[in-house]
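The next part holds the structures, each set out as structure tokens.
Two complexes come next, and they have one chain in common, chain A, joined by chain B in the first and chain C in the second.
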Partner chain A sequence: MASAGRGKPAGDPAPGAVPTLPRGLEGQGGTPNALRNDCPQRGKGKQVPTWVWALPPVAVLAAVFLYPLALVVRQSVSPDSGGTSLQPYADVFASSAFREALTTTVWLSAGATVGCLVLGFVLALVIAFVPFPGGKAVARFIDVFLSFPSFLITLALLFIYGTVGMANGLWTDATGAHSGPFQFLTTPWGVLLAEITYFTPFVMRPLLAAFSQLDTAQLEVASSLGARPARIVRRVILPEALPALAAGGSLVLVMCLNEFGIVLFTGAKGVTTLPMLVYSKAILESDYPAACVVAVVNIAISVGLYGLYRVVSRRVGA
Partner chain B sequence: MSGAAPPGAVRSGIRFDGVTVAYHGNVVLDSLDLTVEPGEVMALLGPSGSGKTTALRAVAGFVQPVRGRVFIGERDVTHLPPHRRGIGMVVQQYALFPHMRVEDNVAFGLKAQKAAKGQIPGRVAEALAMTGMDAYAKRYPRELSGGQQQRVAIARALAIRPDVLLLDEPLSALDAQLRSGMLTELARLHRELPDVSILYVTHDQVEALTLADRIAVMDRARLQDCGSPQDLYRRPRTEFTASFVGNANLLPVRVGAGSVLFGDTELSVATEEAAWGAMATLCVRPHLVGLGPGPNALRGKIAEVQWRGSTHRLYVDVAGHRVKADVRELRVTPALGDEVTLHFAREDAVLLSAGVSDG
Partner chain C sequence: MLVHSRGGRWATCIVFFVLFLPVFALPLLVIVAASFATNWSSALPSGFTTGNYGAATTGDSLQALTTSLITALAASVLALTVGSWAALAAAALKKGGRRFMDALFVLPVAVPSVVVGLAILVAFSKPPVLLNGTRWIVILAHTVLVMAFAYQSVSAAILRLDPMYEQAAASLGARPHLVLWRVKLPLLLPSLTAAAGLCFALSMGELSATMMLYPPDWTPLPVQIFAATDRGSLFTGAAVAVVLMGTTLLVLLAVSRIRTKASFR
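Then we have the complex of A and B:
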């Protein structure tokens, strides 16, 4: 069939024949192959350089993020006395308020992260490997939970454990006492509880995804070889969950470092974290250079941790 | 008391005693009575959903029977957790622990069973040597081929010196050439471990026929037939066995005196157990059907011809039924629609009476 058109004019094909071109003209137009070759040729001469395509996202990023960030950094080296110097850094680093805020931020974040990892691992284990009615619904609720604002959890804890919350109300009703025993919510422990409650699902989500990929035959074989459940968790499940734990833990650590709403909503007196210090310096004291210094430190810690996470996750193969 | 084996008791062998397994009321294993003798290789052969893997999982302790009991040796293990049953298990996808080196995979069971630390390296080396994987002890599973991974999985199961070895379609993930080699290896391993009872689940009749001392044929959650490979192949008791093991021709016949009637054709076969005048099924293996005139001749038309290298598979329509014949490679292949004559010897046919037929 294909030869039927050879030597004939391209516009006069035999009835029913596949349209082809005379020898020597293939690839110059008319056939599907030639059409494919048209594409790069059409672009020749007026091809847009690839870097041009990077401009719109970079411009948007610069407008909404990089420029304000640059302003923050510039403000941090612009003391009220004028000029450019590192004096605001020296002043902030020398203040006990900053050192306390840094210490509080680090231990709260580290504590909340450890709590989230332990609680999240145990809960994810139960949801993934212990069949119980409604297990799938619980797993789906984890996804919904991730969309909740942080203050909502704090508000719920206030309703339960607040000074005039349900727990204290029940206690005072039952004993006739003037106040209930649950007063921890306005202490650092209250912040820690709220952060663990709120951030645990952020550890569970990647863990549940990792557990769903785990070959259950490995667990069965381990069991048949004589391993008890605790050994299977320790020697089989945990090592394979490490990348997910590292990912979830790093995310929670960074989020805890930058958490503002939970600390504000618990109303914990004496619990000043770096974001709270930024707020009080900027809004309450109008000390913008100091606020920007604390903000820059906060950003540096977050970016540093992110870098560490990348290095660790690459090593463990996440 | 279940679990504890009395001193001197037989530790090997498996016994299913009326075992029924059901999920949400759906019976997936129905009243299985089966005994695997100490040192015996029993193949559970059947299609998907026949209940063979469920039976293996009942021995391993991963499913709990709703009725019946499972014994390993003389121990009633029905309610024992898997880690206390003392079994070795190999599954289709190897299930090696990816974060452990080969030697750590093999040592896993020994450590779990708290074997003396000084013994572990020797036992690991012994198991790896037995499977020819001693040169790969320091590798990770991802650095091994499929066949090598399966050898490690077998070494891991053997390292704990189990009384019972459960193999769940262990060769299904391997290509045909590797599978053939591994079959030979498994047969050798069994010769080296004559006391270990092996329950071998497969849907591949070649694996079952090659390796097993006996084959239990399963279908639709029930045991259909059980016997030596030769018995099942030559004297199947049910249509299912005849069809699943060897893909036999099954022809509906009416029993006469020393012969049967297939359509209008009288065929000479042994009919000693069949009732005169009853309907029955005649079973003839395709490779025992010859092309050309002979005893028990059947005339029919060629419906399909398949070349299979050393043989031709002919599909011939005879009296409204399709008969398969595997004949030595033909120099001149018949055309579709050609009339041909098939034949088979009296002693190559088995009559399945309606009573034992599951059909």
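Then we have the complex of A and C:
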């Protein structure tokens, strides 16, 4: 306590009677009236309103993110021939490459989401309700798994199911055939497998959180009344898990729509999703207006779905 | 507990590991195994070698590693500064303002990262700011992409902060900046380090936006891995991938609390 600095003996509290503060806070009350409470909310008029402090980061975000996005939208309505028209949109919507990419993206994302939900639900169920040694380690492992980039999964699948990979090697060794039966990696199924593998943990996280709040007494009661595990899952656990499933599922849907690394590493010419189309139009063909049109469509779909996800997850409190 | 009988529990365990191991553990093990091999045409890789690591830690790959480290470090520091400033400013706002800030700063997560790359490429390829072809455009894109995670993780931590401390400090006469510097930031420090680790890991693995705008003399590790596998040298690619995973893990261990994208979405 730097009580020596506070001159007035009348208002000086006994040294040591004041709770300890982090160093540097002492003597902040000002010398003449040490007891006056200088509450920052009751400032002296020169205080800046709180929203001013929010301006610098918003300005940075606007400069490096919102302004570029606006330029993409502007580029999408200015064709190479000059002027402003919706011609790029008409051209892109009419092209079969775009329609194919749109359908591929949508069904791949929907399929991967369903797969992740099923697999994630089963795995989370076992981790939460059938205790086994190493369950904690498994949960930790999933966290580590999520910090790795997605394309590593495709890289690994190349060694497992690739033309000279593990599975085909086993097959050719066993049967003496010239080539193995696993040739699906460069088809949409390879992408689907990789996406399910990578995104399942994103479903498991909210599910495990929801399961940890479930009162296990409910399960014991149901089971003591004679319900089989399958019935308990269907009638007790599933209703509790629905919000978490909805939140996790919509998150995975958005992330699958936006996934690029997995598709790029597959190297499949036949699998073109919307992000892949943006990349090939812009970088490989240098057709920026078309790339921007596809980008705008992609933004509209994913931001719309992401907004939905935020609403769903806020409502269920997940 | 759902399954009571001993046999039933064993069966569930077996089903679990039959599902779990191939799906999650196998891919990582396979990459590590392949990085030590020269050939993989049967059940197990053959031709044990450490030569892949020779290729993965010299020349271009070594440069890619330093490139990635510098990019990730710069992007994390920038994103953390802007993100936590925004989160702290948002926490002081009223409900409507806070909602607006939340929506604004999670937007980069919702927009596909390829599109973020395209947008930055379009915007900074022409005056007034010409960054195309320099390393700064890569760092800028990474900053934008990880900023949302920094913002979310810091604002989640602020929500959990006990307001008693700052109120006590303020009631004893501390000015707002002093409350921020001596009370709030020290209390937030663990979350800030965790957020820094997350940003670093995400930036190390970022491929989508980087593919759109990397200049030839600034190729981060993921691009290097793609280049290696694209020209057919899968095993070198695997070794570079192990270097990438190892570096990421080391950094995450250094900040000691592993957090992931899923916790902040």
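Definition applied: the second predicted complex is superposed on the first by the 270 of 318 C-alpha atoms of A that agree within 3 Å, B and C clash if a C-alpha of one lies under 4 Å from a C-alpha of the other, contacts with A are read in each partner's own complex, and residues count from 1 in each chain.
The rule we apply is simple: a residue touches a chain if its C-beta (ideal position, glycine included) is under 8 Å from a C-beta of that chain, and two chains touch if they have at least 3 such contacts.
Not measured: the values here are computed from a predicted model.
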| item | value |
| --- | --- |
| Which of chain B and chain C A:E240 touches, first, second, both or neither | first |
| First, second, both or neither for A:W189, with chain B first and chain C second | neither |
| First, second, both or neither for A:G165, with chain B first and chain C second | second |
| Chain B versus chain C as contact partner of A:A227, first or second or both or neither | first |
| Residue contacts on chain A - larger count, chain B or chain C | C |
| Contacts of A:V254 with chain B and chain C, given as first, second, both or neither | second |
| Touching partner for A:A217 - first (chain B), second (chain C), both, neither | first |
| Contacts of A:V60 with chain B and chain C, given as first, second, both or neither | second |
| Doubly contacted residues of chain A, that is, touched by chain B and again by chain C | 220, 223 |
| Complex contact set, residues of chain B against chain A | 60-62, 81-93, 95-99, 108-109, 112-113, 153, 156-157, 160, 166 |
| Chain B-touching residues of chain A, taken from the complex the two chains share | 215, 217-218, 220-228, 231, 235-236, 239-240 |
| Contact footprint of chain A on chain C as seen in their complex | 1-4, 8-9, 12-13, 15-16, 19-20, 23-28, 30-31, 33-34, 40-45, 82-83, 85-86, 88-90, 92-93, 97, 101, 103-116, 118-124, 140, 143-144, 147, 168-176, 178-179, 182-183, 186, 198, 201-202, 204-208, 211-212, 222, 225-226, 229-230, 234, 237-238, 241, 244-245, 248-249, 252, 258-263, 265 |
| Touch list for chain A against partner chain C, complex | 18-19, 21-25, 28-30, 37-40, 50-51, 53-54, 56-58, 60-61, 64-65, 67-69, 71-72, 75, 119, 122-123, 125-127, 129-132, 138, 140-153, 155-160, 162, 164-166, 169-170, 172-173, 197, 200-202, 205-206, 216, 219-220, 223, 229, 232-233, 251, 254, 257-258, 260-261, 264-265, 267, 274-275, 278-279, 282-283, 288, 291-292, 295, 298-299, 302-303, 306-307, 310 |
